[in-house]
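Order of writing sets the chain letters: A, B and C. Residues in each chain are counted from 1.
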Amino acid sequence: MFTLTPLEIEALYLSLLVSGWAVAGSLPLGILCAWVLARLNFPGKALFDGIIHLPLVLPPVVVGYFLLVMLGRRGPVGGWLHDWFGITIAFTWKGAAIASAVIAFPLMVRAIRLSLEGVDRGLEQAARTLGCSPLRTFFTVTLPLVAPGVLTGAILGFARSLSEFGATITFVSNIPGETRTLPIALYALTQVPGGDEAALRLCIISVVVAFAALLASEFLSRRVQARLQG
Amino acid sequence: MLELSLARSQGAFLVNVNLTAGQGITALFGPSGSGKTSVINMVAGLARPDAGRITVDGKVLFDAKAGIDLPPEARRLGYVFQEGRLFPHLSVRSNLSFGMNRTPSPERRVKLDDVVEVLGIGHLLDRRPAKLSGGEKQRVAIGRALLASPRILLMDEPLAALDAARKAEILPFIAGLSKRFAIPILYVSHAMDEVLRLADTLVLMDQGRAAAVGSVEDLLARPDLRPLTGRYEAGAVIRATVAGHDPSYGVTRLTFSGGTLLVAKCDLPAGAAVRVRIHARDIAIATEAPTRTSIRNMLPARVISVEQGDNHLVDVMLDCGGTPLWSQITALGQAQLNLTPGMNVKALIKAVTITGSHIAAPP
Amino acid sequence: MIKRILGAVAGLAFGLSAMAAHADEVTVFAAASLTNALNEIGESFTAKTGHTVKPSYAASSALAKQVEQGSPANVFASADLKWMDYLTDKKLINPDTRFNLLGNTLVLVAPLDSKLDKVELGPKVDVAALAAEGRIATGNPDSVPVGLYFKQAMERAGQWGKVGPKVAAADSVRAALAFVERGEVPLGVVYATDAAVSKKVKVVGTFPDTMHDPIVYPFALVAGKETPAAKAFLETIRSPAAKGVFAKYGFKVN
């Protein structure tokens, strides 16, 4: 049977941990940004849209470098976090999660925005006439109707996070037990003579995980759709 | 009681309405684009007037001068939309209680069981909106709005999307709602048959203005309002009482100020006060009562006015014992009879033309 | 149409190479720590002979992997014997051209604004404690020579259990140096020659040579790629002038 070495288990665990937190942590903000883009009009909206999509079009290494400059020990934000709260992000799985979250963010926002734009505004009006404030309307009517889009966005984000490499290695490099996710462990093995067999095994694990994520997303999507249509 | 004076410009179109709506059903009637939906949306808070004031039961919902504009959720109104707009992700029961849950406990005057019973939707409670027919959806929509214990119920052409059979199913429910739950209703429609069946007060809308306000019978009898009340459907509405039925011949006898009217058998009990719609094209005029004819109704009447219409038709207004009646005859007929105001004639009405759908017990 | 363009380009390239027939290219795969010294030597080599030098600097382990996969290197220079032996065993190195040239020292560096100052390093000195809650940057201790030397030193001193988890593994010694320069880590372990080249770090201590195997830099020609230009380059490396350059940068020269 295919049993996993400690290194493989660690890489798998880190990948799931980092990707899970990346999506969970950025989903609320993603929904908010999608809502702003779908429903509001304001000067500078195009700029806002552009900034959100930057990680999608920039090389991931550039994104990673930017994170390093801002959130590293000596960076404006990272230094402040360290000096005031004792929080260090460099070389930790939290940093890896942040890198993945930033890279995956535009994908999430796109999917959620698309879904939001398809929501019948008339239903929201109906809720308002029944006594729901705009905020309550969002949580009781809009959000449930957007659930399929949010799910899609989350899964897209998760999948992209699982495969994240460039930003992660630039920002938090390769720390065993902290940031050595599946792609990074694989890369490290390709740099070492004699690491090919282990690299191949990691490759297979990555494919299996990706498939599992896809199947899970299909299943969940169907469930949510069925619930919506009764 | 609803009091409103509104003004709002929408592109080239100006909506300017002043009206007061009391208990019972107030119908806003007019062709598409006359501004009816705009008015109701402004009352609901879904659209903003440029100027004016809206109060319900003395509570100010909107006042342009004072800068008051309550959001829809603060107005305590109920709105039944043309498309129903039921929440697809909730069951019928959850849809129904949606508004109720947002109403503070002490203000909940309408009970779930009552509404379910009156609207006949008990067997639908656990279904999802996607599995309901059009008529069922509208009934749930009405129930949902009622259960919010609104100060006033707004209905925007709620039956427009239904076929005749579904309409006939729901009209009776709506007719009884206002009294049953003691909630005034503002009802928007472009269908005269709905208005006749439901309205206590009629507001005729024309190009953004309220052209006339009054009871259905009064407004329909006014010649100057003919263009607004609809040419093809032209006719009169009279108040009558059911005198009795003759089951062996399938007829019902109605008495009104102009005499006795024989109509096709209807189901209303003797003694019931009714409104009867008589189409102008169903009334013929004779200068002397014909003999050996199948026509059962030959009512003495006096000619009030004779007007040329389009298509070589002539509109004749008759006074039948104090009740105004409209008759539409051909120009040829007029040429033969040479009717003039003041002439005494007979109004001939075939009993079969007045069926159950023309008779309604007003709310 | 495409074929014609390709044909023209090929003809042009051939013509150009025919013109430069006597100017060859030497591809040099060298350990990262040799960057500055070899660049300088390479430039004077080109000036003298007209041959161009195409250097590729990375961790010796990564380079060995690339040579193994058939990269077009002519010369291979490793920072330890292990990777040279690895390639020699695989018959990828011409053993007759192999020679040991340079040595180096392991030092402990810190960012310029660090509070740490001169520390006497030895087997008994608690390196992990020096790093406090931060990490120690060095090359990957599983493959990169500088990391291997450091791990060996710590293992022999019985400290690897405490130090190992604190290591921030970098792809090469220069990458580790960059971590320290940026203040990402409070300490780094690099070669003395690397510390000398950097203006943003200071040397906090030097590891005694006895703590680890001698740091040896072997040079050799890759089997099957021993072009005249490559041979000439290797000769130049051993010349007194080149040795002087190496010494200038702080390498120990044989």
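Rule of thumb we're sticking to: a contact is a pair of C-beta atoms (placed from the backbone, for glycine too) under 8 Å apart; a residue touches a chain by one contact, two chains touch by 3 or more.
Please read these numbers as outputs of a predicted model, since none were measured by experiment.
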With centres defined as CA means, the chain nearest the overall centre is A
Hey, which chain ends up farthest from subunit C, C-alpha centres compared? B
So, in whole Å, the Cα centroid of subunit A is separated from that of subunit B by 57
Using CA atom averages as chain centres, what separation in Å is found between subunit B and subunit C? 93
Could you give the separation in Å between the centres of subunit A and subunit C, each centre being the mean of its C-alpha atoms? 37
Multi-partner residues of subunit B (at least 2 other chains): none
Within the complex, subunit B is touched by subunit A residues 120, 122-123, 125-134, 136, 140-141, 144-145, 227-230
Contacting residues of subunit C [partner subunit A, same complex]: 59, 61-62, 64-65, 68, 83, 86, 135, 140, 142-143, 165, 168-171, 179, 182-185
In their complex, what parts of subunit A are in touch with subunit C? 68, 72-74, 90-91, 173-177, 188, 190-193, 195
Help me check something: in the complex, which residues belonging to subunit B touch subunit A? 44-46, 71-73, 75-79, 81, 83, 85, 87-89, 91, 98-99, 102-103, 127-131, 144-145, 148, 154
